[in-house]
Every structure is written in structure tokens, then in C-alpha cells.
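Two complexes, one shared chain (chain A), two partners (chain B, chain C).
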Partner chain A sequence: MSVRDRYWLRLLLLVGIPVGVLLLFFVLPLVIMLWLSFHDGMPPAPYTLENYVRLFDGLYLNVLWRTLTMTVQVTVLVTIVGYTLAYSVVQFSRRTTLLLLLVILPFWTNYIVRMYALINIFQTGGAMSWALNAVGVLNEDYGMLFTHEAVLIGLAYVWLPLATLPFYASLSNLDTDLIDASKDLGAGPIKTFYSVTLPLTYNGLIAGIILVAIPTFGAFVTPALLGGTDQIMIGNVIDQQFNQAFNWPFGAAIGIFVSLIVLVVLGLSTKIGGNIVGVGGDQQ
Partner chain B sequence: MSALGSAFGWLERFCHNYGPKIGRSTIVIVLLALWLPIVLVVVMSFAADGVLSFPPDNLTLEWYFVFLENDAAISSVFTTMKVSLVATPITVALATMLSYGVSRYDFRGKSAIQGLVTLPIIVPLIVVGVALALFFGMINVGGGFWSVVAAHVVRTIPFAALIILPTFMTFDRSLEEASKDLGANELETFWNVTLPNIMPAIVAGGILAFTVSFNEFIYTYFVRGTGMETMPIYLWSRIQHNVTPEVNVLSVVFLVVAILLVLVAVLLTNISRLTMRS
Partner chain C sequence: MTRMHTIEVENVTKEFGSLVAVEDANFQIKDGEFVSILGPSGSGKSTILRMVAGFETPTTGSIAIEGNEVVGVPPFERNSNMVFQNLALFPHLTVAENIEYGLKQANVDKETRQKRVSEMLETVRLEGYGDRQPDELSGGEQQRVALARAIVNEPAVVLFDEPLASLDRKLRQHMQFELQRIQAETGITFLYVTHDQDIALSISDRMIVLNEGAIQQIGTVEELYNAPMSQFVADFLGDLNAIPSTITDLSEEYVTLDTSEGTIDIELDAGGRNENLIHSDGLAEGEPVNLCLRPHEISLQTEPPGDGQPSVTGTVKSRMFRGNEIAYIIETRWDEFLVIEDAGNEQLTNGTPVHLTWSRAGTYLFTPANGTKPNPKPA
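Entry: the complex of A and B
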């Protein structure tokens, strides 16, 4: 075997095997899902577009609208709090590593455990009810489980650490001399913020927004545990079609639809300058 | 000066004077909000009266003993360990091969491959979970141990690669060239020179992959079929049907394991590696 052949063989083994695994267990399943979504029942059933048309029925349109509203609300909330947090860590504190670690560690705690922790707080007679009674705001048991707000807070709680990371990265790369220069030239803190800081951390801002918006749109566990049957999001409909209604083609169509939306959002974000590929995070 | 202008000036002075205070308060409030629910779970795991009594009147270790005698809970711990201990070495091997190939060889489509490796993090978990279940159903494999392991490998590869790849990229290649000049072949060079140097990143990547696999819920939920009950699945069904005090104990087990693992990974690599690729 020539040196050149051995080179290609090695490359094929080294890169080919991992890529092969991803093609087999990641890309192929998604392709099968796409294929199935065009069937009227399990193959060899005839081809149809009905599954996609059905998505725009009143019932599912309602769920889609709720999912979209929730995504926007969670993203705005997390962006404001997370950016403020990252800004404060960079500008006003010295123990950056410790603070960052304290922000990240809850994120690596099991997702279901974090949801359970919130259930303890939100449930009727739970920690929040106790606290409100203790300070005298209320004089009865209170609970906010299975409400829109519970899901909103739950999603914001899990994504806040994730969004804070790219915010922090872009803010800590910002040259502080530029801020000082702006202030020396007479701009106040607010003017400096929107004419210097914000434009220069734009990419990190977009990356954080994407990291929150995408998994929120596909959320399934949080609305199931904190929202119950009244607050279902599109992810829960996929679960229902798959595990209860056993309408796999329709479930597949919703999955493809959600993926398409994610791709469009990603495409838009790269167009306006965010770079998500460099940011590793986790979603659930 | 207009009223609006003077209001703006007042706001500027307010931010100038109180900005740092507001910032520091934000840090304290957000950290409290992040940690309070977690601390409460730990406290409740010692509550004598069980799950529905806040605040606890008496503290006890009783539920820890009850947990240890709960066969279903303990068996879910072992199932999780089995899946994660099998999936993690596979993931680390694949991520290391890929990183070595991408950093040492020149070929077309490199950025496409890097995109492919990142994609499982980006596509909503429920979509891939359902797609994997469809796939295993169609090829008549169904759920079970190896299907869950395959799902965990897909889920964890991005995390391992995100840590291992940059280390290969920044590794000083002249060391490898020196080894080859001294007569070692490529495999000997990799084994004796490259591997010891990138070992911390491989271990950190492995720990991170293990942590993700250990916590994995959604892929497992769809792929497992019946019978495979990992810790997150067990926790999920307990919460949905009947919360017992052991749920708090199981949560504490999760917490301790995850925090220890992440702290070790942070010590081995640096914190920025763990959070972003730079």
C-alpha cells in the first residue's frame, strides 16, 4: 500500500467512523421522520400532505400561538436578567470565576430535579405560600402550579445560566478603555451603554437569545410538569401524538415543523451576526 | 433644557451613582434565586413529615434509609450507571478520533463536519428523541439497553468534542515531529507523545459526557421502550404519579454527583472551556 493510500485509509477510519455514527443515529432518524411525515398512517400507507395541513387547525394553532408567546416572554426575561447579571459580574465584581461557577453549577443539576425543586416552591401550601403568609401578604394557602406564569418562571430558571455565558464572554472581551474614553468625552453611563457597550457585545447578545429561544420553542418537560394539561406547548403535542394517540406520522410532521422553525431562526441569526456554533450549552 | 432632557440627565446621574450598587444587588438576587430551590430540596430531604409540609418541623435521616431499601430506586441508579459507563468511553473514543482527524489532516468538508457534531445540541431534544424512537422502531430493534446507549452517544458527542477538539488544535505539533524524527511511527507518536499531552482534555471531556449522560432524560424517555428505567425516568414517573420523600433523597444524590463531576472537570480544564469554545 502506498503512503498516499495509507493516508486516506487512516483519514477514512479516524473521521469516517465518528461521522458514520452521527449519520446513522442522528441524520438518518431525522430523514426517516421527514419521510414518515408525508404518509397517511404507517407506511405503506399512501403519501399525503394532510399532516401538515392539520397543524393549522384551530386546536394546534392555539398551542403554536401559546408556544410562540411563551418563547418571546422567556427570551426577553432571560436576556434582560442574564445580560444585567453578566454585565455586573464583569464590571462590578472581582471574584469572577467563583461567581461564574455559581451560575453554571445549577445548570448542570438534573433538569427534572430543578423542575421538582420549583414544584416544591409553587405548589399549594409550598414554600412560596409559606413565605407569603410569613410576611403577612396572605393569610391562606396559595399555589401557582399549572399556570402560565409557573411555566414562564420555570423555563427562565433553567435557561438563565445558559444565556449568561455568551453574554459574559462578549462583555469580558470588551475593551474597557472604550468605555472610559466614552465617559471622558462626556457621555453618561446610559449613553455609553447603548452607543458603545451594546453594539460591541451584539454577537454575544444574539447568541444568548438563540440559545434560549430554540430550546424554549421545543420545550416539553417544563410545560408538562409545571403547566399541566392547560398550558401544553408544541413539544407536548409531539409527545401526545407519539405516546398516547399513536399517530406517528402527525407527530413526525410536528417535529419536522419545529425543526424548520429552528433552522429559520438559526439562519436569520447567522445573517444578523450571532455565532452560536462557538457556544456549547445544553438544552432539555 | 426640555423636561425630557432633564429627566434623562437625572437618569444618567442616578445610574452613575447607583449603577454599581444595583449591579451587585442583581448578582446577589439572581444567585439566591438560582440556588434557593436547590437548597430547599436538600433541606426537605431531611424533613421528618415528608414532602408536603413546609417548613419541616423535625429533621431526620429516615428517608435516606427508606431510599436505600427502595429496590426500584436503587435499580434505576444501577441502570443509569450501566448506560453512562458504556456510552461515555464510546463517546470519548469517537470524539478523540474525530478531533485527531480534523486537526491533523487536510480535507474538504471540515466545517460541515464540525457543524454536524454541534447539531445535536441545537436541534430540539424532543425532535431527535422521537426520530430515534421511530428509527429503532422501523429497523425492528425497538427500545432496550443498546438503543439507549446509542442515543446517549449521539447526545454526548458534541460535549466531548467541544472540549477535546480545541486542545488538539492548540497542541504543539513540533513535539510530534520531534518524535517522528527520532524514529517513532504515527501510532507510537500518538500513544507516547500526543495522548499524554491531551489527556486532561480527554478526561474533562469524558467527565462532561458522563454528566450529560447521567442527567439525560428526553432521548431516553422516547427511546427506552419499556423496562429501561434510568434515574431521571424514575424521578419523572414519581413526580407525575406519586411523590414520596425518597424523591428528595434521589434529587440530593443527583445534585452531589453532578456538582462533584463538574468541579473535577473545571479543575482539569479551565472554566472557559467548559462554557464556550475559545
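Entry: the complex of A and C
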């Protein structure tokens, strides 16, 4: 009997390695974290629900709320800027490849290097302060490092390419005849945008939003470097629990809780979003 | 009030950089007419259509729809609707919503909209299809939706950008009849762009033949087919075989041509198309002229024809059976000629030397400069 005839062997050869890798490096760590989160200290410690109760302490709820607000703001900002950027690349340019390259270029630079560049720009007496003084807007040293806005701009800057690419992909796939048809039937440019362009690029829009919202929700390097101690996000708390407080069970509990929030929001948004726009998941 | 022209195109030229896509186009289309713009690809026909629709702006010249100048008016404020080549149905809307789209933009109230949509579905014979998505329909049904969407607002003119090109022959013929029926029912002016002379000849009242951005001839289908003014028009509206020759003798009634196979006399009827060409164009002795023959007007015979009957010689190269007729490709000293004979006639085998004779009515004289190289297509 050859391999071809043996169903289970074929299946194993086909998906065995990826499934094995996923089990080992994704499912197993997740299970360990879940198991850990119900312990009072590192095992063999007694089981407890204390870690989850502690989450609802005002301190952590505050950080969680700040993280949610930040995520929404970053996502909205990136969506507006990224969509406009992708739209203009598609509409007004013949040098699409070059412009797309410019969009991706920051990704080739080390994340930390880019963060330090932003620190240089935002700090008191830094590049931004110098430029504002040079053009005469300000006449004193100015800095915005360690503010909410600094973190917002930093995160938006980092995730912009991630959202622009799916926006670009869906916009460039849009048949321009459909735009022409809409105008031909009497719809002006704004009406055409809302009734044709937006609904037909909806999937790309959602993809870009998800790609930005999820890493923003878990961000910890950017808020640590640009926001300092006043702007910590939930990612920083998890980081602290694992690396400074060495309270792994509590860190694990926060991690699990955050993942649950993401899953619930994701599920709700695709369901509601799909109904609002009137396109199901089977489009495109 | 005099009869209105739905569309008036005056001295319209469109340049894309150094390329002249349309050169000094002039034509009028009357209310309720069905007019085709016919030309090979790249002749500028779609550019004319897009200028009427408002997607392109003429470099110079004026375009009027129902007497109102529209150059500079955006497409969404023009009283014209278009059926796109790829139909451009909105994939995220149902059939009914697609048709309703234009009414919504015109702020028609909901009740009237629903009434009009169901009327349109009836007109294009798609009752009960309103709730489907466009991609659930067949090609022919999608064509009907695109048509319904374009006529629902009762525009002054509906513009067609070769929408039937993608259909198979049977369905295309059927849709041609449907277009004519709907045009007659609605009375809306139709302007149809195509490169397919069969479609243009069969559906339109009048045709505008275009080549390399310039209008070659405008007229009814019969005029263009029977009295083409240039070899290009004649060749484009049916196959044509050309014998290059030189004028050696010219009188009021006769023109004598010298071909590389001897001389041929052509009788000129007073006021006839050949007479017009020779005398009004002022052709003189010594000038080149093409003697052109329609495939149906040529007869083949193995024996040389009798006294005075003009003829040329050739060899049968191939033969195609077409049911009631037979198409021959004849190798001549100039080119391959296409000859079509009744199937009842004696069949000639490949390699047979033949004499080609023709009836007087079937000859056209064209100045070679007027047209492209004759190239009979063994269709």
C-alpha cells in the first residue's frame, strides 16, 4: 500500500508539522498561562481565583480604560490617515510602487531606533521645539514627551504602514468603472464615496483596523518609552508583573483577560459591522 | 419649435499629450434616433462617448445635450446615462437597488422609486429578479440590469460602450433585438459604440464611421453599405477586394484603368458613386485608383470570358463551405481575394486557375490615399 492510499498518513504528512508547531508554541504556552493564572504564586502553590479578583481593583481598571481609549484613538487616527494615504496613492499617482515603498520603509528601521528618534523630536528643546521656534510659532522651549499625545502619535506612526497596505489593496482592487457608473447615475463625489467606495473596500478597512487595534491594545514598548510612568498601558502592567514583580500568575491572569476582551470585541465588531454596511462575510 | 437634436458635437478635438484621439468631430443626433459609432479599436470612438458622458473633456470644441452646452458639466449633472463595457453593476447592491440607484440620486420618493423599479424589471423582462445579487445572474441578464439602470431616469440619451461584446453570438443577436424593442418603447435616443460592423449594421438607424480619430462618413446603414465614400468605409462594412491601377483615359462616360493585367474600362453613370468620385474629386489621367469589388459581386469561371468582359486571373487557394454559399480564397497577383459563390454552382478544387469577372454594379473606385490597404478577411 502506497502513501497515497493511506488517508491518515497523508493527512499527518500534510498538516503534521504546522499543527505540531502551533501546538508547541501557541496552544501549549496558552494552556500553561491559563493554568498559571489560577495559582497563588508559582506552582506547586494552591489554586486560587484571587488573580482575577485583583484585576477589578480601581488601579488596574484605570489602566485598562486608558488602554481602551488609546486603542480607539490610535485606530481612528491611523484609519483616517492611512485610508486617505492609500486613496491618494491609488487615485493620483502613477508611481504607486515608489510611494508604497515609502510607506513600508519605516518598517525596515529598528523599532527602538524609531522610538528614540521620536523621543528626540518630542523632548523639551528637541527637534519639534526647535522647528516651532524657527518658524516663529513659539518663543520658548517646548516638549511633549511623556504625554498621552506623544504615545498616541508614536503608536499611530508605528502602525500606519500596517493599516495602509490592506487599505491600498482593497482600494486598488476597486473597479474605477463603478465610480464612473455612480457619477453617471447622478451621485456627486461625496455620495459616491459613501455609497460605492466605502462599502466595496469594507473588508480591507476591517482588516486594517484589526491589524492596528490588536497590537495597540497590547503595546508596551512605545508607552514605556514615550509615555513614561504616567501613561502606562495594560501591556506595561503585564511586563512589570513578569519581569519586575515576578508575579507570573497575576501577569498570566491579566494576559488571559486582555485576550478575552480582544476576542469579544472582534466577534462583536464583525457581526455588527457586517450588518450595518449590509455586506455579509461572503462578499469579495 | 424645430425638431431638437439630442446631441450636437461641434468641432470636437481631444488630445492626450501628443496623441490626437479625436480630430475635429462634427455630428448631430436627433431625438429618438439609434446611432452607432463604428470604428476599429483605437479609433477614438470610446473617447467620443466618454466626452458626451462627461468623463473626458474635449481639448477644443463644444458638445450640447438637448441644446445645452455640457462641456465643463460633471457627469452627475448631465442628462445622459451609460451602459459600460463591463456593465459596472454595483456588486454590493441587489438588482433592484442597482436600478434604484439613479432614482435615489434624483431624490425621487420611495413609493415612486419602487414603482419605477418594478416597471423597469418588466421592461427588461426580469420580473422577480429584484432581490438577487448581480453575480447570481447570467451574462445576458446582467446586460438587462445595466440597461434598466441606465434608462430608469429617462435620460436624454443612453450611451453604450460595446456592452454586447462579451456575449456569445446567439445571445448577442437576441440582445440586439431587445435593444431595438426597448428603444422603440421608451423613445430614448441611443448612442452605441462598437467595433463590430454586424452589430452596427443590424441595430442602428444611422452610423458614424471613425478611423484614427477622424469621422470617415455619416449616414444611414444602407447609404454607408451601398455608397461608401472611401475604401476604408467600404472595407470596414463588409469585405472588399482591391485591384491597384492607374487612370489612363478619362471621359464623361468612361474611365480606362491600367492594371498589371491589362486595361479595364469602367462605365460611369451620371451621378453614380464612381462618377462622383472621379469627377468631383477631379482625378486626372496618370493618377492611381483602386478598383474594388465586393466578394458577392465576383463570379469565378474556368474559361476566359467573352469579348469585352473585364476580368482578372487567379488560382483557387482554399475553399470554405458555409451552408448556402461557398467562400473561396483566390490567389491573385495583387493579394488574396475573397469570393463568395452560391453553393449550387460547380465547386472548384484548390489549385484550379480561374478567371474573375464581375457585374458592373459591384465595382467601386477609390483613391488609395483614402483608405488603408485592402485586406479581405476570410471570415
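Basically, the second predicted complex is superposed on the first by the 244 of 284 C-alpha atoms of A that agree within 3 Å, B and C clash if a C-alpha of one lies under 4 Å from a C-alpha of the other, contacts with A are read in each partner's own complex, and residues count from 1 in each chain.
We take it that a residue touches a chain if its C-beta (ideal position, glycine included) is under 8 Å from a C-beta of that chain, and two chains touch if they have at least 3 such contacts.
Fair warning: this is a prediction, and the values are worked out from it, not measured in the lab.
Peer 1: For A:196, is the partner it touches chain B (first), chain C (second), both, or none of the two (neither)?
Peer 2: A:196 sits against chain C, while chain B stays out of touch.
Peer 1: Between chain B and chain C, whom does A:272 touch in the aligned arrangement: first, second, both, or neither?
Peer 2: Neither partner.
Peer 1: Regarding the shared-chain residue A:135, is it in contact with chain B (first), chain C (second), both, or neither?
Peer 2: Neither: A:135 stays clear of chain B and chain C.
Peer 1: Once the shared chain is lined up, is A:19 touching chain B (first), chain C (second), both, or neither of them?
Peer 2: first
Peer 1: I'd like to know which partner A:178 touches here: chain B for first, chain C for second, both or neither.
Peer 2: Second partner only.
Peer 1: Which one hits more chain A residues, chain B or chain C?
Peer 2: Here the partner covering more residues of chain A is B.
Peer 1: Have a look at where A:220 lands relative to chain B and chain C in the superposition and call it first, second, both or neither.
Peer 2: In the superposed model, A:220 contacts chain B only, not chain C.
Peer 1: Quick one: classify A:3 as touching chain B (first), chain C (second), both or neither.
Peer 2: After superposition on chain A, A:3 lies in contact with neither partner.
Peer 1: Is A:188 contacted by the first partner chain B, the second partner chain C, both or neither?
Peer 2: Both: A:188 reaches chain B and chain C.
Peer 1: Check chain A for residues that touch chain B in one structure and chain C in the other, and list them.
Peer 2: Comparing the two interfaces on chain A, one with chain B and one with chain C, the shared residues are 188, 191, 278-279, 283-284.
Peer 1: If we count contacts the way the header does, which residues on chain C are in touch with chain A in the complex?
Peer 2: So the residues of chain C touching chain A come out as 53-55, 74-77, 80-82, 84-86, 88-92, 101-102, 105-106, 149, 153.
Peer 1: Can you list the residues on chain B that touch chain A in the complex?
Peer 2: Touching chain A: residues 8-9, 11-13, 15-16, 19-20, 22-24, 26-27, 30-31, 33-38, 40-41, 44, 51-52, 54-55, 94-95, 97-98, 100-102, 105, 107, 113-128, 130-135, 138, 150-151, 153-154, 157-159, 162, 186, 211-212, 215, 217-218, 222, 231-232, 235-236, 239-240, 247, 251, 254-255, 258-259, 261-262, 266, 271-272, 274-278 of chain B.
Peer 1: Given the complex with chain C, which residues does chain A contribute to the contact?
Peer 2: 175, 177-178, 180-188, 191, 195-196, 199-200, 278-279, 283-284
Peer 1: So in the complex, which bits of chain A are touching chain B?
Peer 2: Touch residues, chain A against chain B: 7, 10-11, 13-15, 17-19, 21-22, 25-30, 32-33, 36, 81, 84-85, 87-89, 91-93, 97, 99-106, 108-121, 125-127, 129-130, 157, 160-161, 165-166, 169, 188-191, 214-215, 217-218, 220-221, 225, 235, 238-239, 242, 248, 251-252, 255-256, 258-259, 262, 266, 276-284.
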